[in-house]
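Next come two complexes, and both contain chain A; in the first it sits with chain B, in the second with chain C.
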Partner chain A sequence: MDKKRILIVDDEPGLARLLQANLESCGRYETLVEHRAESAVTAARAFRPHVVLLDMVMPCLSGREVADQLQADPGCADVVVVFLTAAEHGASAAGHDGGPAGARWIAKPASLEVIIRCIEQSLSSGREEKGGGGEEHGGKDR
Partner chain B sequence: MNTQVKPKKRILVVDDDPGIPWFLKINLERTNDYIVKVETHGSEALRAAEAFAPDLILLDVMMPEPDGGQLAEMFSARPKLKHIPIVFLTAAVKKDEVASHGGRVGGLRFIAKPASLQEVIDCIEAELKIRESGAGGHGPVA
Partner chain C sequence: MKTEALLNEPEAAIRALRDSEQRYARLLGSSTQYVFSVRIAPEGGSTTAHGPGCEAVTGYTAGEFEANPNLWYEIIQSEDRSAVLTHIASVMTGKATPPLEHQIRHKSGQIRWIRNTAIPHKDEQGRVVSYDGLITDITQQKCSERLLRMQCLLTSELAHSSSLAEVMPRVLQRLCDTFEWDVASYWGVARGGQTLHCEVVWHRAGERLEVLDKTAPCSSLAPGAGLPGRVCMSGEPVWIADFEEETVLQVPPWVAEVGLRSACGFPLNRGALNVGVIELYGRLVRHPDPHMLEALVATGTQISQFVVRKQAEDSLEAERQLLRTLVDLLPDCVYVKDTESRFLMSNPAHRRVLGAGSLNEILGRTDFDFFPLEFASRYREDEVSLFESGQPLINREEPVRFADGSHRWVLTTKVPLMDGKGGISGLVGISRDITEQKAAEDRIAKAYADLAASESTLKQTVEELNRSHEELKSAQLQLIQAAKLESVGTLAAGVAHEVKNPLQTLLLGVEFLVRNLPEMSDDVRTALNEMGDAVRRANAIISEMLQFSAATDFRPTAEDLNAVLERALWLIKTRLVTARVTVVRDLAVGLPPVPVDARKLEQAFINLLINAVDAMPGGGPLRVSTRLVRVEPEMPKRSRAFQPFAVGEFVVVVEIQDRGVGIPEKNLARLFDPFFTTRPPGVGTGLGLSIVRNIVQLHGGTIDIRNVAEGGVCATLALRTQPLSSDGQETHPDRGR
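Moving on to the complex of A and B:
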């Protein structure tokens, strides 16, 4: 089975690399980390990810702005974006606060299981919808 | 049939990069084998350790003062804490370097960042096993 390519765009290098190590340890994903939001589209054009895990809050450009740039780029328009949003540490993320409306998102910190489930669901709905957003995935560990 | 529930092991994670300890907390606690306390301020780590009474401390090396090495010395100087095994988390040591020394460098147990969850769990369990066998305590502090 071909590994799915996951681009992680997050300005927190420690967390991004930890996520990369853990996703790659599953054996199902090939990952690339980009710490600079302004380089995300270039990285996506070169890496051709199936899914972009995109931090919402970054210096220079927000995750939302990066998502707009990806959407506007003919080479990246089909990429499925999953936003990573910061939830209050230790607080319940049962609601959908903090995530952009109409988008797939994961509240940080999330368990690896939640992240993988969200990636897999995004991949299957991405195949069906070909890039249509719509479904709120939402939530960290419940 | 032995229905005795194994007590959860108490792990204190000290790391100033908040994404990392919170990711570890959520994922370690999901195994139901651990209770994890996060401390992102090195200056609070002594107090946190005394209050939490961990079975093991995961300690980032590179932090603003006190750094991991200084903290390990402080733990060693406290009668209540000196027997608690410490595993250093560091990006300064390469994975193969650590692996080729059986997880130890200079007598100290290291995990090279970024590490998969399984690597962290294996290391915690190996270190706790050593302690249970009575060969524990802190090694020399670098």
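Moving on to the complex of A and C:
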């Protein structure tokens, strides 16, 4: 089976590394980590990922801005972007400033299961016009 | 000795004769009389023979008289000569002629008085052929007479004169005339006896003496200085016979200028007190005359009585003047009454008050003539008791009606007057108008009262201000707290990022370890599971807290509350099962849609349901109900839950009730406080109910949680509705099962 390529863009090294480790240990994915938001497009052009996991809040550029750059870039046109957000309202963080309607997002902290499910959904539905909501993380007790 | 014997013994006879002569001479020498004879010659002219005593009386011998037939005329004092001639003429006529008293000048220069008694001898024809004259020296008598006369006159004069200054020149003149001095001065003793002042000077007419008019001889002396000073200090008279011989006493220069040779100073003594000195100066040398000194001292005593009396009178008059001025000018009323309370004296101020024009209108009358009966009676009462007890009435405040009709207050003091024999002769009263003062005192008292009142008002105000201040402070604290909570919201984004990222890392790490450790002991697995749980729990807290503090966005949509409730129940169904809780439903059918944010309300319901479940650890019934209610007037009074709603409005009431142990009374008030929880640490965040209340309030509804009688807690929510049907669909509560 073809391993799908996942580009992880997050400025937190520990988080990115673990995410990479976890995804790769599944055996289904090939991953690349890019810490610097401004280099994300370059990395994407070279790596040609299927999915880009984008942190929302980064120095220099926000996740939103990176997403816009990717969309604008012809070489990355069919890349699916999934936002990783630490905001308590993922919907508002991803949608309220008028970004791609219904962009996918995962709220941190998310379990691996949730992350993988979201990636698979993204891959299967491809690039969608209307993404529908995001996934809240599981494990809320109350 | 007999003549015969004399003839027989010549030496004895001569001795006897000499003895006789000596006796005779002595007699003559002390004689104050002598006889002279005048023989009228038939052809005119006369011869006079002067008896041997003439030397004693006149100072001239008989031989000198013989030698100078006119001597007898020359020694007559010039002013008396005509009287003497008249006397002789009268004698010569043979008529019975009374004796003549006249002055002669003694050979020594002294003036003597003599009485000339002439006895005529007539011949057969009745013509006077000779006469004998008896000359008697009556100087002493004359002096005494004069003294007596002077004293008499003095007495009379002093008694009738009004002041020392007026009478003293006459006194001095009399002294000089009587005792034959030329200048006299009166020295008064200044108070305290420290100095003598020359107060009056008198002198005879005479050229040189007129100098004294221009220059004051001397104005004051210290005691002991000069003649007056010596007299004053010793209290004894001093006589200076001749200034040219005087060595002890200092002689004022004017004495020599004026040509005065002798002086005599005598004290004016009143008992032991010396009140003054009189000096007498003469132009002739004069020897001390003890008789005169005696007379002078006696006169001095007489004059001193006058001086003392006059001084007393003067001082009394001055005091009286002072007193009169004082009393007349005092603004206070001053009056004197007798024991029948009749006025004896009244000062101008008093007269004004009584309305009397003059003293006569007042004297002899009483208060009853001037004041209304009630006032006058009171005054008389006070006075009667004063007379009886002898106790003065001091500072009595009493009301008075002045003559002008005004009612005023006075401060009266009445003091009994003693009559000198121990009895009371009347009273003296003084009254001061204190109306203004009283008014002022009243104003002050009122001002104080006002001040006290305003002070207490002020105190109250201050207390209220303090209370407000405290309330403001606590409001401020609450605001600060609220602001803090708000700022927590502001921090939310940062917190979210800073906490959730590490949590994500932890979670990923734990999951990685779980997946990839080749062999895991149970302990390790347990540990890793615990770690995962911990991360999840941390995340739950963060999320709830952030939700609580986040700015709310509220998206109500028309929802069926029963559906929202059912979904909430479905979401916790596993929990219900494991807790052995059975749900008892009492949901109304046909509830109108309610504008709610379904997600949020769901969250609220879940929270309340979980609490209910937890309240029944061993399981039990969980009752949920919904109904539509129309707000009746008494409902808001009965329950706080209905207060925000208007009467006639429709609300949906949701109740969630458990059969647990209930909530302790003391916790009821703090139920909705953030972080208030009765659960053990790690179980629940304590934010649940505060979030529930926020959600309910967002909807404009109310929530009430209370213990119920049968045990357990009931949470009641009331939510607004907007009846969607406007065609009067029946909306009465419909219990469905």
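Please note the rule applied: the second predicted complex is superposed on the first by the 111 of 142 C-alpha atoms of A that agree within 3 Å, B and C clash if a C-alpha of one lies under 4 Å from a C-alpha of the other, contacts with A are read in each partner's own complex, and residues count from 1 in each chain.
The working rule: a contact is a pair of C-beta atoms (placed from the backbone, for glycine too) under 8 Å apart; a residue touches a chain by one contact, two chains touch by 3 or more.
Just so we're clear, the structure is a prediction, and the values are computed from it rather than from any experiment.
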Partner with the higher number of touched chain A residues, chain C or chain B: C
Would you sort A:12 into first (chain B), second (chain C), both or neither based on which partner it touches? both
In the overlaid three-chain picture, which partner chain does A:46 touch, first (chain B) or second (chain C), both, or neither? neither
Would you check which partner chain A:21 touches, where first means chain B only, second means chain C only, and both and neither mean what they say? both
Scan A:57 for contacts with chain B and chain C and give back first, second, both or neither. second
Where does A:112 make contact in the superposed view: on chain B (first), on chain C (second), on both, or on neither? both
Go through chain A and flag every residue that touches chain B in one model and chain C in the other. 12, 14-15, 18-19, 21-22, 25, 89, 108-112, 140-141
State the interface residues of chain C toward chain A in the complex, per the touch definition above. 492-493, 496-497, 499-501, 503-509, 511-512, 515-516, 535-537, 539-540, 542-544, 546-547, 550, 553, 606-607, 610, 684-685, 688
In the complex, chain A residues that touch chain B: 12, 14-15, 17-22, 24-25, 89, 108-113, 140-141
Within their complex, state which residues of chain B touch chain A. 15, 17-20, 22-23, 25-27, 30, 38, 91, 113-118
Please output the residues of chain A touching chain C within their complex, sorted ascending. 12, 14-15, 18-19, 21-22, 25, 57, 84, 86-89, 92, 107-112, 137, 139-142
